[in-house]
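Shared between the two complexes below is chain A, which pairs with chain B and chain C, respectively.
Up next is the complex of A and B:
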């Protein structure tokens, strides 16, 4: 067998963590307990399940804004506290859901407010690793919308030219904010662009965590050799751009077609694990309950943490700097 | 009026094997160029209708746009995008091929790898098929110039050559699981020890248990070439072959994939007469890989039967078709009488 039960269960839990965390946010938002805009990744959790287990202690990850599966590398309590603007959370609570980061300890790179700009920032991190002769690989995640930004060209050209240890991941979920991919891009697959930079690019069906993991393993291995790679994860976003988005831009015909092409990865994986005799239905329910409890506890703890006050958001130590300021 | 169908797989030549090996990448633009060359060449030879399968990118739609470009010098007037619901999966190729049979198409041009030709074969085994290589392991399809494929397609669409002179049934491997016919392969069937379908490709050759082939030669790549290290079977031979692979000390070099030649341990390689079933009761969890792609999961106790037969698609001999047409004057131009 290519994967152990432990590895397969880990992948399952990552998918459930992403899905259930999004659901918890929806529940809490409806209660009026959360403020801000939240971006869900419903139906694309297999991407995180395939990627996250491969990230080693020397590697750096820049998730994108529908990446709650990346919580598997965070302390969930600190993440939720950060999201709830609590002073004890990550980034002293000023990151919100979108901009949480911990470069020094978790190697969790910041997400730029301008989608598609951090192609460049993360390529710079890969350059730094190379110059400092450090062993890690940078994983830069974007959506298909981010892939239409000009920074892609500069970043991939640079990465190719200098043989940088970086994997570009494009989560092509069929819609960029509110624009269907076919209205923003004239290529059938975005991975084809990599060839223009002498970078290897592949597309992988994103509803099977095993398929994603196999592609990511190959891409990370390639990047460690100094051959940057682009992996396009083909999937479909079964939710709005933000929580509360009515999805007026999505037609029933397209939704039905895309849903058939990209079925829910969680029950699909559950069925496979049961058919292969790896997990029973009861075991799977137990893992989901465990994650649900973990999330509930994190929210409960975070709600009790001190709120961020205005004066805590100011100061030079809140600005990233190599030489001055504090750790964010 | 004759009908040519063209199915171009936008996803062929883009899978994970580009990362694992030095496999060829064929991008959208190149496929579009090939498609255009087929159309232009066919139009120069005869009048016919050309249906292109709709796809996510819209190769046919892009060519229609090109046709409308002021000053475009080519003749794309025969082009029509076939109206059908698309799923953007392999099912589209299967359905399109079956539709070509239903409407009486004279020839089907398939652009892709072994897997794409296999999908088309699942849709029709009656419409003569020209398989063009734009994939990864291309044993069944041929690497050919689009212009040449267009010439042969137009000859068939214009009924300028008898079908029996141009095409013959290909071999295939029919596969049954627990008594039910589940699928077919055109080139190779691999019993793979990896139980996950995953990204479909196989690159850990230690996972290969047994390979059954319709044809094999070391002068190719992929799993048929593994058997090809022991014997050669041509596409016209009235038999297939099979061999087993173990973790024993490698006893031969094999061109297992694009740019990958490595040692393997091969045993019990033998010819397999057409129609002779091979039945195994599986003792481990694994997958059946068809034409290079893991597709079908099996459990211990599952009974897998396969047989090499002549029930494959009608394969067009492109060079032979053109030569027949040439020697029968099909390309000769009439001399206009001068006043």
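Up next is the complex of A and C:
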């Protein structure tokens, strides 16, 4: 095993944090304390466990809109406050769960609500790094739905043409909102499309954080050399599109087949860690408890924070950085 | 002072800014050796080959990439060969550029200029002749510049490049090849801030607000009308967002009559916005209803007939007389067939090597 216990535990914690964070949102929603739409990533957590530890201080991430892997780049309290419309959270609480961003300090890139559009914007971020000879790679994560947008193909063309340090991550979880991937495109592997742009494309089984990590590491190294890459993470979304989605579009037969192909990554990884003698069951339970407490504390803190008001978002000075010169 | 053409004024402004700020990039299709398809800006590529970027034929692609570059503090200027192509990149402009300062809690400005030349003049028909200010004006977060004269283009382009907000910069295709004017020397560093209208001609009987082709037409109409004893005040707003409503209101307060003329389609054009703002704020000073002049809600055919679709001097004269309740002269009545060949010649004199 090429990884230290510390690294393996970090990966485990990222998976658990994603899973438990979603669970907390579900609990709070049931209590009526959360409003808005929340997208979970149940059963897909391994992909961020493989990716997040590789992101260095010079790198930039546009997170995937389901899992909460980006929490490991953020202050969780400020993130939850931002999610709960609190004025002291990230972006004053205007972004909700998905649009929290801080390019300059956290290197957290904004998620465009038009899924797939930011393929291009983040290619521009990579262009800025390249033009200024700055270190760092850009990682943009989208789903199989976002991969159907033309922007990905325009982005890959630019990235390849200008040798940009960017990795495109396609989380192919078998369904885009309610549409199964097989009804979206005829390609069994979306990564095959990258070859058309002279971009390296690879598909990786997404239930094993170590397999994902190895694929991501190779892609990131390649991107650092100016050879952009695309990593398709094959997984299965074992939850609705949003919390409360009855998921009646999924057949029992397909669910069983896909669940077998893409089993829950968390117990799988736990079993591996125990069998290899790296962690005991008690230790693993301890980590989960630690994360649960961290999440509970973040929510407690956020609930106490002042609410965002409409007035705080209005005014030309909120929309424009320069309000000189009459009616805006 | 230097006497230059409109294209040379723009070239000078962009060149001087690129010289003093290496964060500025000029991007678009065929903007390198070819110099760009609208107004040739040869000196840019010659002097800054690393910062003038020829892109694939992909408006959405280069705009989206430029948005990300601007997020990172670079200052891209992107050129659209025709503004008709702006819808291809509208989501990048609207969501990536216009919203970002607000969404980032005022932490991430987007300093970029999106430049194109609009309107008829290329005889290229329905997909290459649109005027687009109405398409983008409804969206918060974008500034819109519509300079008509070289001295304005020079000072305003410098301001646009230094501004930290996204600017939609629209040149006028029928006037950007003909106008010549004196512009300041580079070392004087003269900028024209946005939101300052310019009174191109003072008058007392009627206010005409117009830009681009219709500004030239309005000035010609004002000359003709003066001979008939009608005194027109002609205002060039120079920018639509921000809009200098105070200058317009002061003028309308004096004349009591308002005509708004633009080449864009009349419905939902910026003229409607000006009419609404004047009516809401100072409706009481109007002695007669406002009259708008614009292209009928239709499209532009290929060829010289384009000159018969868009409004011209005669439409402005008729609008002025309508708002003043004056009789039309015989030659002002009805449809006037415009000699497209003659107009084209006027708009592109042979001495101009730009096109």
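The rule is short, and it goes like this: the second predicted complex is superposed on the first by the 314 of 328 C-alpha atoms of A that agree within 3 Å, B and C clash if a C-alpha of one lies under 4 Å from a C-alpha of the other, contacts with A are read in each partner's own complex, and residues count from 1 in each chain.
One rule holds for everything that comes next: a contact is a pair of C-beta atoms (placed from the backbone, for glycine too) under 8 Å apart; a residue touches a chain by one contact, two chains touch by 3 or more.
Because the structure is predicted, anything quoted here is derived from the model rather than measured.
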Practice task
In the three-chain superposition, say which chain, chain B or chain C, touches more residues of chain A.
Solution key: C
Exercise for the section: With the two complexes superposed on chain A, say which partner A:219 touches: chain B (first), chain C (second), both, or neither. Expected result: first
Practice task
Determine, under the contact definition given at the top, whether A:128 touches first (chain B), second (chain C), both, or neither.
Solution key: second
Handout entry: First (chain B), second (chain C), both or neither touched by A:200
Key = first
Exercise for the section: Considering only the touch criterion stated at the top, classify A:307 as touching first (chain B), second (chain C), both, or neither. Expected result: neither
Practice task
Using the touch definition from the top, say if A:101 reaches chain B (first), chain C (second), both or neither.
Solution key: second
Completion exercise
Note: overlapping chain A surface for chain B and chain C spans none
Completion exercise
Interface with chain C, chain A side, in the complex: residues 90-92, 94-95, 99, 101-104, 109-110, 112-114, 117-129, 131-132, 150-151, 154-155, 157-158, 161, 313, 317-322, 324-328
Practice task
Could you pull out which chain C residues touch chain A in their complex?
Solution key: 25, 55-56, 58, 60-74, 91-92, 95-96, 100-109, 140-141, 143, 163-165, 193-196, 239, 241-246, 277
Completion exercise
Listed in rising order, chain B residues that touch chain A in their complex are 10-11, 14-20, 25, 27-28, 55-57, 62, 85-89, 194-201, 204, 207, 285, 297, 299
Fill in the blank from the handout: Note: in the complex, chain A contacts chain B through residues 1-3, 182, 186-189, 191-192, 195, 200-205, 208, 210-215, 218-219, 222, 229, 231, 257, 260-261, 275-276
